[in-house]
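After this come two complexes, each holding subunit A, first together with subunit B and then together with subunit C.
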Partner chain A sequence: MENIIDVQHLSYRYQDTDGRPALDDISFTVKAGEWLALVGHNGSGKSTLARAVDGLLPFSEGTVTVGGIKLTPETVWEVREKIGMIFQNPDNQFVGATVEDDVAFGLENRQISRAEMVPRVKAALDEVGMQTFAQREPGALSGGQKQRVALAGIVAIAPDILILDEATSMLDPQGRRDMLALVQRLREEKHLTVISITHDIDEAASADRVLVIDDGKLVEEAQPAEIFAQGERLIHLGLDVPFTAKLKQALQDRGITVPTGYQTTTEMEEWLWQSLSNT
Partner chain B sequence: MAITFEHVGYTYQAGTPMATPALSDISFTVPDHGYLAIIGHTGSGKSTLIQQINALLKPTTGKITVDDFTITPQTTNADLKPLRRHVGMVFQFPESQLFEETIQRDIAFGPQNFGLSEEEANQRALDMLKTVGLDESFADRSPFELSGGQMRRVAIAGVLAMQPKVLVLDEPTAGLDPQGRQEMMTLFNRLHQEQGLTIILVTHQMEDVAAYADEVAVMQAGKLLTCATPQEVFNDPAWVQSSDIAVPRAAKFAQQLDKRGVKWDQLPLTADQLADQLVQHWPGMGAQHE
Partner chain C sequence: MSNFIFGRYLPLNSTVHRLDPRSKLLLSFCYLIVVFLANSWLSYAILIGFTLAAILSSKISLGFFLKGLRPMLWLIAFTVVVQLLFSPAGGHVYFHWTILNITQAGLVNSGVIFIRFLLIIMMSTLLTLSTQPLDIATGLSSLMRPLRWVRIPVDTLAMMLAIALRFVPTLMDEATKIMNAQRARGVDFGEGGLIKQAKSFIPLMVPLFMSAFNRAEDLSTAMEARGYRDSEHRSQYRILTWQRRDTMTWIVFLMVVAAMLATRRW
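And then the complex of A and B:
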């Protein structure tokens, strides 16, 4: 598969006088269709990195290439066409008076004709299951519904890449699961590349690969299972400790020998059942 | 401070064509120094319920008692000042209420309004900074140049500066990273243990319910489904399923093992409780203890 995103030696300082760069010599690539999770504690630089990829930061060192186009002040609009971003607080990104106006906003910006716009807005709202809310005011929706509308706005402009910047962190557990399932489905149907910045272990588990950012540096790159095997250290990486790791630690504290590595809950259940039956 | 709800009902815009019932016939008691968790889906009435405790919303029917204070539909605002001093409310995203030029002034604002001298209030602010885990070097900084988690601590320090006896928390860890969440919940538990604060916690985090709450109130469509210990509430899988509430991960995991034939003396709600019981069943281990 081709690399849809290629970042090389990217560095950024918010102010020239800052001693510590917000991004420090970061290099990585993302394959088309991949789901990549960016994790790190608050202030580690992961959101800064995502903004750099979307051309929202005037970085001076390094290169960002998106879909074969090198990001420069001249190409920034072309690059942004390829990327849709969803942020933590949906209230900060609504512009329309109604749900359908809001979804249409991105299309209006691209000078799509009304004849084409109307069916695209409708199809996008259908896609996220919000068609019955088309005439409603976005502010009156629940958190989960608001993020669905934000996703519809992205679906309407059909980008290649979707960046979720802690997009599920304000949702309740059910809303979070629904949102992840929806992103997963859209990714398959639309062949989207997904980058999710997250503290949520389930969201990180949905990814093919996890990048860990700490103090502006890329410190680790691995499969979710390898990352999750780090137990208590995950807290410092800005993630929660998976339940199976907590249980293993609790068993170990009580003198039971436990398997190494990361187990899913099903694997853990299987191992426990076999150990208990082994009399 | 003990809190009692007796047949409390609340209707938004009562007596108008827009009247919307939000709470009906709610009765429960939280003992002095109690720790109550309130769970339920978005829109189930959790936030409406907690606003009754310091009478930001007064009941349309029924009666609420907080220690010696009684709140009824007839209670006037003039009677409420002492009550509000004793009930500290931490709303969702409390950092959005910060407004002063310095952190110290922001925390001192409440106590000074309630009659402390400027000097006393400033000293109180410094003490509270320490309580929430920020050192004195923060005192003269602007609250707006802090990280989200630090801003939230400052906002909570402002509530604690009133020296409340009841702390009402509406999803206090929403939007924080796991480390921030853990530190915040540890802080509340310390205030509960060391200073005897009564805590009312609205949450979606079942792990927190299992780890901290004495009792849990389950809200659904403006009604109180039950109010009992986490053990009693999560213990009945059929009821949990029909009431559409989540259970702690440890309990869910234990129920999976239960289907395979592992029997529990009591449904474990945390990883530690689960491990305690597994050790009892473990070949060559449980027997040694007996």
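And then the complex of A and C:
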């Protein structure tokens, strides 16, 4: 399969930092139809990388080629046609006053006539199962529903590439699973290439390939299975071990006996209450 | 707090609600002029009749209009009393004490002022009760469209207004959260003297502004990623359509204006 994204020797420096590059000589390629996960600590540069690919950052060194088009200030809008991006905070990317207005936003920007917009908005909302919410205001939606609306906005403009910039990190576990299942389905139906930037182990596991970024450098590239086999090192790579497991580990380190096996947050809460009231 | 500005819209399904917002905005504006043109009792009676008919056809109960009147009550009372006491002499004098006179002319003037206030407030309350803020914004920007010819960036202003309206509830929620968080840390909102009260709002305003700036930055990145370049080169999803009921409403309104003009003193 052909490479839909080709990044060569990409470097970027934020102006206000101490000169340490946010991206340091990064090269990688993404095949059409592939699902690529980018993992790394907060501040490792993974979001910066995604933004550079979408032309949202004016990098000076290196080249980015998307779908055969080299990214330059002249071609940036052409490149963005091919990429749909979903960000972390569901509220801060909801532009429209209602669900349908928001889905139409990308179409309005492309000066598509209203006659064509109406069926496309409707079809996109059908696709993500939000058609009954078309007239609702964002305040009446949950975080997961808002992210689904954001997905509908991308389905409406039909790009080739979907970038999820920690798009599930502010959702509850159920919302996360729903969102991932929806992305999986859309990816198969629309033959999308997916790049997901994530801390979530399930999301990284859905990928065909995982890139690990640390301090702006590409430090590892592997199949998810190879990464997960590294156990303890996952935390160093910037992947989230479930919160209850982290809490238990921290308690254990302080010499407190904790129940074995996996607990849900509620079970853990229950156990904490009981142990606190016994002391 | 949100009730103060936005709880005003009452979602009902009446003819008034379904009118084109442009039609309602323009009509409210014209009505303002018409109210000041009326001067005879009969011409006022006609306008009162029209206003009542408009209120009735909106299916909104009168109570909401009285509520809309409440914040203006002191202003109305003050103006009426001033008119009553300081009017120029004319007609029968009912009461006289130093510079204060209650005369027949004064009584008439204060009655007229009262009716004018009442009519204007009723009509503007009807506009806000029956029209969503977003529709008002869309209507306004559509009416201001001709200003593009004098290089006023109407589309950009409309986009700013729409985004501002969109984020009001979000920022309201945020303000409530911050207030609760600061209360948990021992801040008293709305207690003590004026200066102390004002100071207590600093721990609210600073984080609220910080977050608003962060949101603005996120939002602009998201807008750009979705292909937003400028407000001029965009198509419109939300459109306003002038319908038969708008034309009918204007015909009725113009007939009322004609009747008012015929009965006023020239």
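Methods note: the second predicted complex is superposed on the first by the 238 of 279 C-alpha atoms of A that agree within 3 Å, B and C clash if a C-alpha of one lies under 4 Å from a C-alpha of the other, contacts with A are read in each partner's own complex, and residues count from 1 in each chain.
In the analysis below, a contact is a pair of C-beta atoms (placed from the backbone, for glycine too) under 8 Å apart; a residue touches a chain by one contact, two chains touch by 3 or more.
Since the structure is predicted, the reported quantities are computational estimates derived from the model, not experimental observations.
Visitor: After lining up the shared chain so the two structures overlap, which partner does A:Leu239 touch, if you call subunit B first and subunit C second: first, second, both or neither?
Guide: The first partner, subunit B, only.
Visitor: Go through the superposed model and pick first if A:Leu247 touches only subunit B, second if only subunit C, both, or neither.
Guide: first
Visitor: With both complexes overlaid on chain A, does A:Asp172 touch subunit B (first), subunit C (second), both or neither?
Guide: First partner only.
Visitor: For A:Asn278, decide between first (touching subunit B), second (touching subunit C), both and neither.
Guide: Only subunit B; A:Asn278 stays clear of subunit C.
Visitor: Is A:Glu269 touching the first partner subunit B, the second partner subunit C, both, or neither of them?
Guide: Touch status of A:Glu269: first partner only.
Visitor: Now for A:Ile112: first (subunit B), second (subunit C), both, or neither, which partner does it touch?
Guide: second
Visitor: Now for A:Pro259: first (subunit B), second (subunit C), both, or neither, which partner does it touch?
Guide: neither
Visitor: Pick out the shared contact residues on subunit A: the ones touching subunit B in one complex and subunit C in the other.
Guide: Residues common to the subunit A contacts of subunit C and of subunit B do not exist here, since the sets are disjoint.
Visitor: Which residues of subunit A touch subunit B once you look at their complex with the stated criterion?
Guide: Listed in rising order, the residues are 41-43, 88, 142-144, 166, 169-170, 172-175, 199, 234-236, 238-241, 243, 246-247, 249-251, 253-256, 265, 268-269, 272-273, 275-276, 278-279.
Visitor: Across the complex, what residues on subunit A touch subunit C?
Guide: Those in contact with subunit C are residues 51, 54, 56, 77, 80-81, 83-85, 87, 89, 91-98, 100-101, 104-114, 117-118, 121, 137-139, 153, 157.
Visitor: Please output the residues of subunit B touching subunit A within their complex, sorted ascending.
Guide: Residues 41-43, 147-149, 174-180, 182, 204, 246, 249-250, 253, 256-257, 260, 262, 271-272, 274-276, 278-279, 281-283, 285.
Visitor: Name, in rising order, each residue of subunit C that touches subunit A in their complex.
Guide: Touch list, subunit C to subunit A: 134, 162-163, 165-166, 169-170, 173, 214-215, 218-219, 221-229, 233-239.
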